[in-house]
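Structures for review follow.
Each of the next two complexes has chain A plus one other chain: chain B in the first, chain C in the second.
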Partner chain A sequence: MTTDELELDALCELANVGLSRAATRLSQLLEDDIEMTTPLVRVVAYEELQQALQLDERTIIAAVWQELSGNVEGTSMLMFPTEDSRMLVQELVGLSMQEAGEIDLRAIEHEAMMEIGNIIISSAMAVIADMLGQDIRMSMPHYVEATLPDLMAQRDRGHAWQETQVIIMNTRLKARQREIEGRMVMLLSVTSVQLLFARLRELLLNASAAGS
Partner chain B sequence: MLLDSTIKSLVDTLPLGVLLVDGELRICGWNQWMVQKTGIPAQQAQGKTLQELFPDFCSERLLSAIELCIKHKSPQLISQTLNRYVIPIPVAFESHDLTLMQQKVNVAPLTGNNGEALAVVSINDVTESVAKSHALAQMAKKMKSQSNHDQLTGVYNRHFLWSWLPPQIKQCVRHGEALSCLMLDIDHFKRINDTYGHDIGDAVLCGFARIVGAQLRGSDILVRYGGEEFVALLTHADATVALEIAHRIQQEVRQAVIAPLDAGEVRCSIGVASWTPEIPCSSEELLKRADRHLYQAKQGGRDQVVGSHG
Partner chain C sequence: MRILIVDDSKTSRLLFRAYMPKGEQHQVFEAANLPDALGSLQETQPELVVLDYNMPEHNGVEIAQAILQAGFKPKMALLTANTQKMVVDAAMAAGFLQVLEKPVNAEKIAALLEQAA
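Here is the complex of A and B:
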C-alpha cells in the first residue's frame, strides 16, 4: 500500500483536531489545563508493531482500548508507560500515598485511566469518523497493564482479526507541569486502512480543487 | 424475541438505575430503580431534560458523554474516581460521612424503534465500596500515627504506656492488686556508642530489650521509654516480687554476650517502685518514684538495683 506524505500529514491533522477536542473535554472534567498533540503518524504492518514502538518484550505498559466495528474494523488503543500514567492519575485525582493510606490505589488508578482513555479515544475517533464520513461503532473501554505480547493476546481473545495494519500516532499529553509520552494505536484490517486512505485522498483532492 | 412489556419489566427488576435519553437530551425511559432512588415517578420524568429534573445540579461530563454517545455511537464510562456522581441522590447512613450516592455510570448507544439514536445511561450505586475504602484508609492512617511499638527494638513505646497504665491502675484500685514499675537504664551507653558506633549501639539496645523481655511474664509489658531507658510494668507484683525480678534482670544482663561486646561489658541500673493498696499513687507518680530510685542507683555507682520494700 502506498501512503504518501500528504495523506499522512492529513491524518496527523485529523488526529490533532481529535486530540485537542479530547484535551478540552479532559480539561473540563479535571478542571485543569490539558494539552494534547500528535507530532508523528506512521503506518506499519502488525508484525512490525513491537519494533516500531521500540518496546522491550518485557516492558509493562498501561493500555486502554475500544474495539471498532461498522465501516472500520479493528481496535483503537491508547498506550502509556505504566509509571507515568500512575503519577499522572495520582496528581489529577489529587491522591497522595498517605491520603489513601496505601490502600486500593491501583483500583482507583485503573478506573480513572479507563475513563481518561475512553474520553481520548472516543473524541479522537469521533473527529476521524466525522471528517471521513464513516460510520464507526465502538465497544466499552478495556484497561490492561501488561507487556505488548500479553496485551495483544488479551485483545485477540474471542476475535478472529483479519491481517492487520497499524496506524501509530505518537502523542504528548501535558497536565500539571507534567508531560507524558503516549501512543494512540489503531489496529485496523487492511480493507479498513484502504478505505480510510481512499477517503483521505478524496478529501485532499476536494480541498485542492476548492483551493485552485 | 422478547415482548416490549417483558423487556420493560426486566429493566424494572435490575438493581441499577437505567434511563434512556433521546437526541434532544429528553428522557424517554426511567426504570423502577430511578423512581425509588430519586422519588421522581416515570410519568414526571418523561420528556424532561436532566437539567429540568435536577435544576441545581447538572453534570457536564454526563451531558458530554450523552452527546458523544448519541452523535458518534461512542460508549462512555463515567468513573466514581473522577466524578463522584452524575445525579445527586441523597443517602442517609449513620455509618459513614457520605451524604450523596457515589456512582459509576455507563452510557451506551441504542437505536430506537424508528431508527433514532438514543443513549442508555446505567447508574451503579458504589457508595458502600467508597465508604468502605474511606474507612480502611482512615484506619490505616490512624494505625500509622498511633503505632504502639518502638521501631528499633519492637517493644512497646511511650504512646502505648500512657494508654495502658492508667486503666491498669484503676483495675488495681478496684481489685486491690499490686503493680510494680522497673525503670532500667543501660550503664555508660554513650561510651558504647562512641566506641563501637551507632550500629552496635542499636544492636545493644535490641539485645538488652530481648534479655529484659525474657525475664518478664506474659501479662507484663516492656516499653522503650527514651534513648537507652526502658520501663517494665509488672502486673500482680508487689515490691518483693519486683525486686527479685529486677535483680534477676541485672544478673542476666551482666552475663549476656551482645556481639561484639563480651559478657559483663553491658550492665544496667534499675529503679523499682510499686503501687499497692496501702501506698496508692497515680501513674505519673509511680514512674516518678521509679525514676528517683534509678537516679539513686546511678549515683550509688551504677550496675545495681534500688527500690524500697512496701
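Here is the complex of A and C:
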C-alpha cells in the first residue's frame, strides 16, 4: 500500500466510524433499524460536487447543515427527500396536522429537523474530532428545502473560505420500517484536507510504531 | 493468544495492533475480507477472531456465519461504531462474545482479551 492509498484508507475509516455513529444515533431517535451503505469517500473538485453526489439538479431536498471551523473547515450535511423529512419529523414529534391546529406545522418541522440534524451531525463529528485529536467547532444548524444548486448557493454565501477541492464522505441511511432514506455528506476545504492528511499520517505512523 | 483481525481497512487493523497490550504473548494476524479470513483461519487457527461490521462485500456477521459453517469454532468479537440494536442483536444471535465499539483503545482491547481468555 502506498502512502496515498494508506491516507485514503485512513480517511475511509474515519468516515466509516463517524457515519456509523450517525446511523446509531438515528436508529435510537427513530427506534428503527437503520441500514447504511459503505461510505463513499472521494476527493473532488468543488464544481464536480453535484455529479459526485449523483443528485438530479431539480430534486428538492430537505437539508440540515452545520459549518465546521477551528482546525477543520467545512460543512457537514444531512439530506432527505422532502417527503421523507416530513415523515421523519411527524414520527419523532408525534404531531399530526389536526393536532397541530393553529400552530405553524412548518415551523415545527423546521425546528425539529434542525434538532435531529444537530444530534446526528454532532455525533459523527465528535467521534471524528476525537480520533484526529482535533478541535472541531460547529455552527448552529441551518435548515433549507431546495435543489442542490440552490442549497449550495445558500451555503456559500458569507463563506470566509473558498474550496477548490472537497472531500465527500457520503452514505445512505435507510430506516427499515418507515421508508425514510437520507444521506450524510461532509465537505472539507483544501486546507483542511491537507491538515487532515498530515494528522492521518501522524496517526498511522504512531500506530505503526506502537504496533511494531 | 492467536488473534485474527478481519477488517477491510488497513488503518483499523493498524490501530488494533497499536493498542494491543505490550509485553504479552499474543500473535495478531490480519485479513481484509471473507476469502482471506477463511485462508488465515486454516493456516493460523486463531482462538479469537475480531471482525469489523461494515465491509463492502460481506458484513462482519455474515463472515462470522461463514466461519462457523466452514467448521471453525473460534471466539468472536464484532468491531464497529454502528452499535444500533439491529447490529448488536445480530452479533449476539451469531454467537459473538462481545461488540467492541470503534474507535478502539487499549482499555477496550484489554477487556476483550480478558473476556476471551
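One rule holds in what follows: the second predicted complex is superposed on the first by the 150 of 212 C-alpha atoms of A that agree within 3 Å, B and C clash if a C-alpha of one lies under 4 Å from a C-alpha of the other, contacts with A are read in each partner's own complex, and residues count from 1 in each chain.
The rule is short, and it goes like this: a residue touches a chain if its C-beta (ideal position, glycine included) is under 8 Å from a C-beta of that chain, and two chains touch if they have at least 3 such contacts.
Everything quoted here is computed from the prediction, not taken from an experiment.
*Asks:* Touching A:118, do we find chain B (first), chain C (second), both, or neither?
*Replies:* The answer is first: A:118 touches chain B but not chain C.
*Asks:* Touching A:60 in the superposition: chain B (first), chain C (second), both, neither?
*Replies:* neither
*Asks:* Given the touch rule stated above, what does A:9 touch, chain B (first), chain C (second), both, or neither?
*Replies:* A:9: touches chain C, not chain B.
*Asks:* Taking the superposition as given, does A:144 touch the first partner, chain B, the second, chain C, both, or neither?
*Replies:* neither
*Asks:* Output check: A:38 vs chain B and chain C. Expected answer is one of first, second, both, neither. What do you get?
*Replies:* second
*Asks:* One more residue to check, A:129. First (chain B), second (chain C), both or neither?
*Replies:* After superposing on A, A:129 lies in contact with chain B but is clear of chain C.
*Asks:* Identify the partner contact of A:28: answer first if only chain B is touched, second if only chain C is, both if each is, neither if none is.
*Replies:* both
*Asks:* Is A:20 touching anything from chain B or chain C once the two structures are fitted on A? First, second, both or neither.
*Replies:* After superposition on chain A, A:20 lies in contact with chain C alone.
*Asks:* Once the complexes are superposed, what residues of chain A are shared between the chain B interface and the chain C interface?
*Replies:* Shared contact residues on chain A: 28, 130.
*Asks:* Under the stated contact criterion, what part of chain C meets chain A in this complex?
*Replies:* 9-12, 14-15, 17-20, 53-56, 80-86, 102-103
*Asks:* Name, in rising order, each residue of chain A that touches chain B in their complex.
*Replies:* 25, 28-30, 66, 70, 92-93, 98-104, 108, 111-112, 114-116, 118-119, 122-123, 125-126, 129-130, 135-141
*Asks:* For chain B, which residues are in contact with chain A within the complex?
*Replies:* Residues 60-61, 64, 68, 71-83, 104, 106, 108-109, 133, 136-141, 144 of chain B touch chain A in their complex.
*Asks:* Hey, which residues of chain A end up touching chain C in the complex?
*Replies:* Checking each residue of chain A against chain C gives 1, 6, 9-10, 12-13, 16-18, 20-21, 23-24, 27-28, 33-34, 36, 38, 127, 130-131, 176, 200, 203-204, 206-208, 210-211.
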